[in-house]
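Before any comments, here is the structure.
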Amino acid sequence: MEYSGNQVKDINIAYIGGGSKGWAWALMGDLAMESDLSGTVKLYDLNYEAAHVNSMIGNSLNRRDDVKGKWQYQSVETLEKALTGADFVIISILPGTFKEMTSDVNLPQEYGIYQSVGDTTGPGGIVRALRTIPMYVEMAEAIKAYCPDAWVINYTNPMTLCTRTLTEIFPEIKVMGCCHEIFGAQKLLASMLKDLKGIEDVGYRDITVNVLGINHFTWIDEASYQGTDLMPIYREFVDRYYESGYEEKPGQWMNSFFSSACRVQFDLFRRYGLLAASGDRHLAEFMPRAWYLKDPETVKSWKFSLTPIDFRMKRQEELAHKSKRLAAGQESVQLKPSGEEGICMMKALLGLGDFVTNVNVPNQGQIKGLPLGSVVETNALLVRDGVKPVLAGQLPLDIENLVARHVLNQETVLKAALRKDKSLAFRAFLNDPLVSIDIGAAEQLFERMLQNTKAYLPGWDV
Amino acid sequence: MEYSGNQVKDINIAYIGGGSKGWAWALMGDLAMESDLSGTVKLYDLNYEAAHVNSMIGNSLNRRDDVKGKWQYQSVETLEKALTGADFVIISILPGTFKEMTSDVNLPQEYGIYQSVGDTTGPGGIVRALRTIPMYVEMAEAIKAYCPDAWVINYTNPMTLCTRTLTEIFPEIKVMGCCHEIFGAQKLLASMLKDLKGIEDVGYRDITVNVLGINHFTWIDEASYQGTDLMPIYREFVDRYYESGYEEKPGQWMNSFFSSACRVQFDLFRRYGLLAASGDRHLAEFMPRAWYLKDPETVKSWKFSLTPIDFRMKRQEELAHKSKRLAAGQESVQLKPSGEEGICMMKALLGLGDFVTNVNVPNQGQIKGLPLGSVVETNALLVRDGVKPVLAGQLPLDIENLVARHVLNQETVLKAALRKDKSLAFRAFLNDPLVSIDIGAAEQLFERMLQNTKAYLPGWDV
Amino acid sequence: MEYSGNQVKDINIAYIGGGSKGWAWALMGDLAMESDLSGTVKLYDLNYEAAHVNSMIGNSLNRRDDVKGKWQYQSVETLEKALTGADFVIISILPGTFKEMTSDVNLPQEYGIYQSVGDTTGPGGIVRALRTIPMYVEMAEAIKAYCPDAWVINYTNPMTLCTRTLTEIFPEIKVMGCCHEIFGAQKLLASMLKDLKGIEDVGYRDITVNVLGINHFTWIDEASYQGTDLMPIYREFVDRYYESGYEEKPGQWMNSFFSSACRVQFDLFRRYGLLAASGDRHLAEFMPRAWYLKDPETVKSWKFSLTPIDFRMKRQEELAHKSKRLAAGQESVQLKPSGEEGICMMKALLGLGDFVTNVNVPNQGQIKGLPLGSVVETNALLVRDGVKPVLAGQLPLDIENLVARHVLNQETVLKAALRKDKSLAFRAFLNDPLVSIDIGAAEQLFERMLQNTKAYLPGWDV
Amino acid sequence: MEYSGNQVKDINIAYIGGGSKGWAWALMGDLAMESDLSGTVKLYDLNYEAAHVNSMIGNSLNRRDDVKGKWQYQSVETLEKALTGADFVIISILPGTFKEMTSDVNLPQEYGIYQSVGDTTGPGGIVRALRTIPMYVEMAEAIKAYCPDAWVINYTNPMTLCTRTLTEIFPEIKVMGCCHEIFGAQKLLASMLKDLKGIEDVGYRDITVNVLGINHFTWIDEASYQGTDLMPIYREFVDRYYESGYEEKPGQWMNSFFSSACRVQFDLFRRYGLLAASGDRHLAEFMPRAWYLKDPETVKSWKFSLTPIDFRMKRQEELAHKSKRLAAGQESVQLKPSGEEGICMMKALLGLGDFVTNVNVPNQGQIKGLPLGSVVETNALLVRDGVKPVLAGQLPLDIENLVARHVLNQETVLKAALRKDKSLAFRAFLNDPLVSIDIGAAEQLFERMLQNTKAYLPGWDV
C-alpha cells in the first residue's frame, strides 16, 4: 500500500465468493464511488467462471467518468493466489447451493417447523452452520498461511459461527463480521422521528445506539438523537403501531419477502422492554416456535413472510441474466451506495478516520454475562489497524437467558462440527427453540437434513 | 456452647418449621442417636400448637435409655425468640398449605402441563418460589438481626431459591442448602456394584463423586469406588437396564409415588454422557415438556409417577394421627438414621471432624461457566465454622446450556419476587421448558395460579 | 435544560472548588468561547468569599462582545444549594492548604525521599489521599442526595482515589475523572512528526492512541497518525533524543518547574517498550526511588524538577492579585482555550456529538488484568448521557506488575481511609516504591505526616 | 497396576533426579513402610552412576524383614525409559550444580543482597528459575510423549515455576507441586497448644488450616483444632514470644542453618494479621531487602541464618560417603517417616482414601484476586485420579499486593525463559523486592549471574 495524504493506493483485496452476483457488484459500486482508495481486487470463487465474469464487469467500470475509485479486478484460481499479499479479505459466499438451502428451509416444514429465513438459527441455520464450518476452517488456515496480517471482513451467514470458526482456528486473526441489520433499526428510529415528531432528514448515522447481543438477535437498550432519549418515543411509537405494524410504504411486507411491518419487534419490546434490532424475519426464528412461526397464518398475522427458496432461485436466475448483460456491456453497474459500511470500515482500518459502528467479534468483556470468546455484536471503535469493542454492559436477566441459550447452542454446534460429532450436533439441534417437536420426529428430521447436506460434511459418519 | 474433648454441650438450635411432622421427628431421632452433642432446640412454627406438640414429643425422648444425645425442646412464639442465641438455624417449612400446592400441581394439568413434583421448577416450582421468597426475606432479616453468626441449614424447596433469597438479603449469612438426592445416586452406584460386579456392602459414603449443577438437576462427571472408575461400569449398567429400568425392588415405582426405575436418568446418560444425580421425578421437570412429561401415559412408560397432592394430604393426615399418639406416649419416635446428613454437618462445623459432602451455596467459582453468586450444588469441605466449596470444574457445553437456562430463570424469578414485578415473573414462567404452550394459555394459567397464591404475595398487584 | 437544534440553554453546573484561581477562570474562558451552551454556574467553595469574587469575574464576561456563551455565575454557601438541580458537577479543589502540601512534599525529603509533585503517589500522594477521601465521601453523599442524575467531572488529584471514593460511596454515580496528561503525549508525538518527518500542523487530536493504566501512570501501546504507525518512529525519536532529551523550546525544563525533557519517558520506553503517557515529574514518582528521584542531582540529570511548594505559594499569591484586578475590572479574563476537554465532554454528554477521549472510570473490563472496580484510565466513547469505555486490552506482564502494585496500594489506602485504620494505611505507605527506607524511619515519617494533616482526619486515632 | 482390595501392585514410578542422596532414600523409606503399595521405581538421573547406586540401595531393602512395601528399583539411561509406562512421576532434581548455586547466593552479597536460601525468589531464585525452566520444558514434552496420563509430583525448587513450566508446555498434565512448609506451621500451632494450653500430643494433621498464597509465601487465615479457633491463641503466642522467638529447643537456630525462631513469622503477623506459613528463611526473601535481610547482623537479630553453600556442599559430601556405605551394605536405610506426604497423596490418587492437603497447582479460581493459570498453593481434595482445589477465598488487599507482585514477576520470568529474552528477564530481576539497588549495579550483577549459569541457557544470547 502507498499513502499520499488521505489517499491510499495499491490496496490488495481478496474477495472470497468473488463470483457472487449482487454482493460483488455492490462492492464494486461502493469502491467506485470512493475516491480515496484504489488497488486490486482478486476474485476467488469455487465457480471460477463466475469470478472471471465479475472481473470483466469490475474492470469495465474503470472506463467510466463517474467512477472515482479505480480498481483492477482479477479472477484467480486458488485461495492461495487470492490471499497472498492481501491487505483485506472479504468473505461473502453461499455455503453450498440453493439445493441444500431448500432442504434447510423446506424439510422442517414437513415437521411443522416454519422458518422465515433459515440461515442463522433454527434447524436450517444449524445444518447450514455444520456445512459452512469446514469451509471456514479451510479459509482460516489459508489466511494464517498466506496473509496473517490482513483484515478479514465476513458477510456470510450464519454470521456468528462463520466468524467464530475463524477465531477458533486462527486466534490471532484480525476479523470482524459485518451486518446491516442494526442500520435498519436506526433507520426505523429516524422514520419514527419524522412520523411522531415531524423531524425530517435524520440519517441513520445520526441515531446513536448501544447494541448488545448476537447477530440477528441484537438488542438496543439506549438510543438517542442529539439531546433526545429515543426510548420513550419508541414506546409511544409501539403503542401507536402495535396492531397495524409500521412500514414506510404501508403494505410493502405483502409484496416483498424481505420486508416486515415490525410487529415482532414491537411485540418483543412490549414483552421485554428493549428494542430488538433486527428484521422480524430474523427475530422470529430466535423465539419459541409457537410465538411467531407456529404456522403460515400466524406468520401472516404478524405481517411478515416466509422467504421461499423458489423466490431466491428465481432472483438468482435474473441476476445471472443481468450478469451476462453487464459482462457484455449491455448494462452497466449502477453507482448507488449499497448500504453496507465495508468501505468506511476499510478506511478507518487504513487510518483515514476513526469510526464507531457495530461489529461481530469475540467477546472480550464488551458484553458482561455472555461467555468470553463467543462472537457477539456490539459497537466498536475502528482505528488504524484496530477494532476495539466498546463496553456495552449487560442484558437484563430475562433477555440474557434468551440470548445465552443461542450462544451456548452455537458454541456446541461449532464443537460438534470440528469433532464431526453427530450426537453432539443433534443435542444442539434439539435445544433450538424452534425444534420443540417430538424427539423421534426431530431425530428423523435431523437425519434427513444431514443426508441432504452430506457432500459438505467430509469425514462425518452420516 | 461448651466443649469438653470431642463433646459439645449447650448447643442452641432454632428450628423454623418446627411444627412439621416427619422432618422434625427425623431430626429428633438423629439428635437422639448422637452422643457427642446436646443442648436446646427451639421450635418455631406459624402453627404454634404443632410446635408445642413437637416439643412434648422431643422432650419425651430424654426419658429413654436408648437415647444418647439429650436435648431440651421448647416451642416459641416468635422468630425472635427462636433465633436469639442460636448456634444453628434449621429451616424446613411448607410454604403455604396443600391448598396452594394443589393449585401449583393440578392447574397446569388443565393446560397439558404435567409435573411429577411441582416444587422446584416448572409452573408449580416458579409459583411456589414467588410465594416462598417473601417468607425467606423475612427470615434473612431476622437472622441478620438476632443471630448473624449462626449457621443456617435449609431443607425447604425450592432449595435453590430459598437459599439464594437468604444470600441476597443478608450476603454475609453462613448458609448452606442440603439435599439428599445425591446420596440416592451414590446408593444406586453401590447397588450397581453389587448387581454387576458382585461387590457387597458398599456404603453410599464409599462412593466418591464429583457433582456439579443446581439442586435436583445436578450432574456427576466422575465417580469411583476405591481404585475403580465407575463411569464405564455405569455405561454397562445403563445398557443392561435401559429398557426395563432398575430398582432394588422391581416394580416398586408402581407402589410408591416417590420411586422410579431410573429410566429418565438412564436416558439422560445415553443422550448427554453424564449421570444426572437426582430422582427421575425431579429430572423430568427440568427437561422440555415433550420428553418425559408429555402426558400420564408417557410418564408411565418412563416408569415413574406424578405425585398427587391428594396423596400428600392423606399422608399428612396420617402423620397428624401419629403426632397425637406420639404426644400421648402411645407411640414413640423410632431411632433410625434419617438419611440426612444434618448432624454430620453440624459436627464438622463445630470442629469435630472435617467432612466432604454436597451442598447448595453461592457460586464463588466452584462451577466455571455458571454465573457467580447464583446458588449451585457441588461438593464442599466442611471445617470448624466453614464451608469451603471444592472446585468442580465445568459442565459440557450442551448440559451447561440446559442448566444455565434454569439458573438465569431462577435469578429472574428472584428479581421478580423482590420487585413484585408480575410481568418479569411471567417472562420467567414462559421461559420454563415445561411451559411450551400458547402464550395466551400461559398467561391465563399464570394469572390463575397467582390468584390462588395471592395471600402470600403481599404488595403485589394481582 | 432546553434544547433548540444544536444549542442547549439553561444548563446547571455546580462547581465545587469554585473559588479557585486559575482553574475556575479557565472554565469561564472555555464556556465563554462555546456558543452552543448557556446556563448557570453555581460556585461553591469552603472559602465563600473567593467563590463570590469569582462569580463577579464570571458575570463580567457577559458584557463582552467576544463572548459567545452566556452564563450566570452565582456563589452559594452550601453544597446542597450548589448541587440541587445540577446537570453537571465539576470538582476541582485543593484538599487542605499549602501548609499540608508543604508537609507532604518536604517532610519526606528529611528521610531521603524526593518527590517531584507529591499529589498522586509516594508518601505525599498517600497522605494527601487520606486527607481528601473524607471530603469526597461527603461530596458523594451530597450528590446522591441532591443531584443523583448529574454528571460529575473530577479534576482534583489524587485523581484515581478521588474518583474511586465517589464510586465506592455512591456506586450509581455518573462520574469520570479527566486529566490532560495524555494530551501532552499526543502533542509530543505531533512534535515528533514535525521534527523527524517534517509534517507540520498536526493537532494532538489527530494522533490516535490506545491508552491503558492509571492516572499519571498510563501507557500507550498503539499510536497512529493517519495511516502511519507512530511506534517505530517514536523508537527512532527516543534513540535520537535519549541523552539530550527533547523539548519544543530546549532548556525550558530549567525555567519551569512544570516542564521536563521527556528523558524519564524515553528511559521507560527503552526499558519497557511502551510509551509512558505522562509528564516525567509524575512518572518518576511511580518508579522505585533509586531510579529517577534518588537525590536532587539525579533529578537534574534526568532534566526535570522537584516542584517546590514555595513556588506554588508564590504563584497563588500572584493569582490572588490577579483575582482582585479581574474583580475590579482592571484586567479581564483572557479567552484562549484552556487545553482541557471539559466542554467537549459536556457537549457529548448532552448529545451534541459523540466523542472519544481518555477518562478515569471504574474498570468494567476495559483493562484486562487489573482488578474490576478500581479506577483506570483508558479511552471511552462519550455519547448522550453515557460514558462507554473502549476495550484497551492488557498491559505486558512486567508493566502490569508495576501498575497493579499501585492499584492495590490505592485500594488499600481507600479502605484504610474509610475505616480510619492507621495500621492499614501505614502498610500501604510502606509498600510505595518511593518508601524504600528503614521501617523505623518510615514509621516516624508517617506519624509526623499524619500529625500535620490531622485536622483533616476526623475520627482517626492520631 | 493391579488392585486387590485396598492393595495395589505393579505400580510404576518414574523418579527424575533418582540419583539424589537424601530425597531418594527418604522416598525409599516411605515406600518401604507402606504395606498397601508395591511395584517398580525407575531411577533416572543425569548422573547415571548415582541412580545406579541408588537402585542397589533400594533393592537391598527388599531383603529386610521390617520392610512392608516391596519395590523393585531400576536405574535407567533415558527419560523415555523412565517415563514409558509410568503411573507416577516424581521430580526432585538439583538444577545445575552447587557451583551455580554458589553464584546464585554469594554473588548478590557483593552487591549487598543477602539471601537466606536463594532457591525460590530474589536474584538467586530468579536465575535458578531461568536455568531450571528449560529442563522442565524438556520434561513436560517427554511426559506428554511417554506417559500423558501419569500423575506428576514435583518437589524441586523454585516450586512455583517448575510446576508452572509443566502446565505451560503441556496444559493437560496431571501435576501438583508438593512442599512440607505448611506442615511446619501446623506443627508450630500444635507446639503452641502444648505451650500455652497444656494440650499434649496434637498431631499436625489435627490442625485444620486454610492456606492461600504461593509456595514459601503462603498465608493461613483460619486455623482450628477441634472446636477451637487458633487465631486468637496465636496472637497471644506472638505476644509472648515476639522478642525471644519460639523454638521447641531454644537456641537451635544458632546450630542449624535450617532452623529459625519464627521471629519473622511473628513480625509479619503483627504487621499483617495473618500467619505466614513458611520458615523464616523463606519468608524473609519475599519481603523488601531492608526488612529482615539488610545485612548479616540484621539476620542474626531476627534469629535465623543465611544458609551457606559451603555447608550444603559439605553435607553433600557426607551424603556421598553415606551412599557408599549404604550401597556396600555397611549401613542401612533408616525406616522413619520422611515428613513428606507423597505416599499419602499417591494412595489418594489411587483411590485408597480421599485426602485433603495443600498443593501447588494452577489457579482455577481457588484464590480470588490472583491471576488464573498462575500456580498457587491452597488445600485440595485428592480423590481417585483427581486433585480438586478447595476454594480458599481472597487475601486481604495489602497482603494480596505483596503476593501478586511475586506472581506477576514469576510469570514474567517464565515468559522471559521461554522466549530467551534477557531484557525481559532483567526487568523481572529488577522488580524483585530484594533487588532494590542501583540499576547499574543490578545490571552488572544480573550479567555476572547469567554468565555463571550460561551453560544451562541454551539458545540465549548471553
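Each chain carries a letter (A, B, C and D) given by its place in the written order, and its residues are counted from 1.
The rule we apply is simple: a contact is a pair of C-beta atoms (placed from the backbone, for glycine too) under 8 Å apart; a residue touches a chain by one contact, two chains touch by 3 or more.
Labels paired with UniProt names: A, B, C, D = Alpha-glucosidase/alpha-galactosidase.
Note that the coordinates shown come from a computational prediction; the quantities given were computed from them, not determined experimentally.
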{"item": "Distance in touch steps, counted as few as possible, from chain A out to chain D", "value": "2"}
{"item": "Option in A-C, C-D or B-D whose residue-number contact pairs overlap A-B by over half", "value": "C-D"}
{"item": "Maximum centroid distance from chain B, chain identifier (CA atoms)", "value": "C"}
{"item": "Centre-to-centre distance between chain C and chain B (centres being mean Cα positions), rounded to whole Å", "value": "55"}
{"item": "Rounded Å distance between chain B and chain D, as computed from the means of their C-alpha atoms", "value": "44"}
{"item": "Interchain centroid distance [CA atoms averaged], chain C/chain D, Å", "value": "46"}
{"item": "Shared-contact residues (touching 2 or more other chains) in chain D", "value": "none"}
{"item": "Listing of all chain pairs that touch each other, if any do", "value": "A-B, A-C, B-D, C-D"}
{"item": "In the complex, chain B residues that touch chain D", "value": "1, 3, 6, 8, 208, 210, 222, 224-229, 350-352, 354, 356, 364-366, 368, 379, 381, 383-386, 388-392"}
{"item": "Contacting residues of chain B [partner chain A, same complex]", "value": "271-272, 288, 290-291, 369, 371, 397-398, 400-402, 404-405, 408-409, 411-412, 415, 423-424, 427-428, 431, 436-439"}
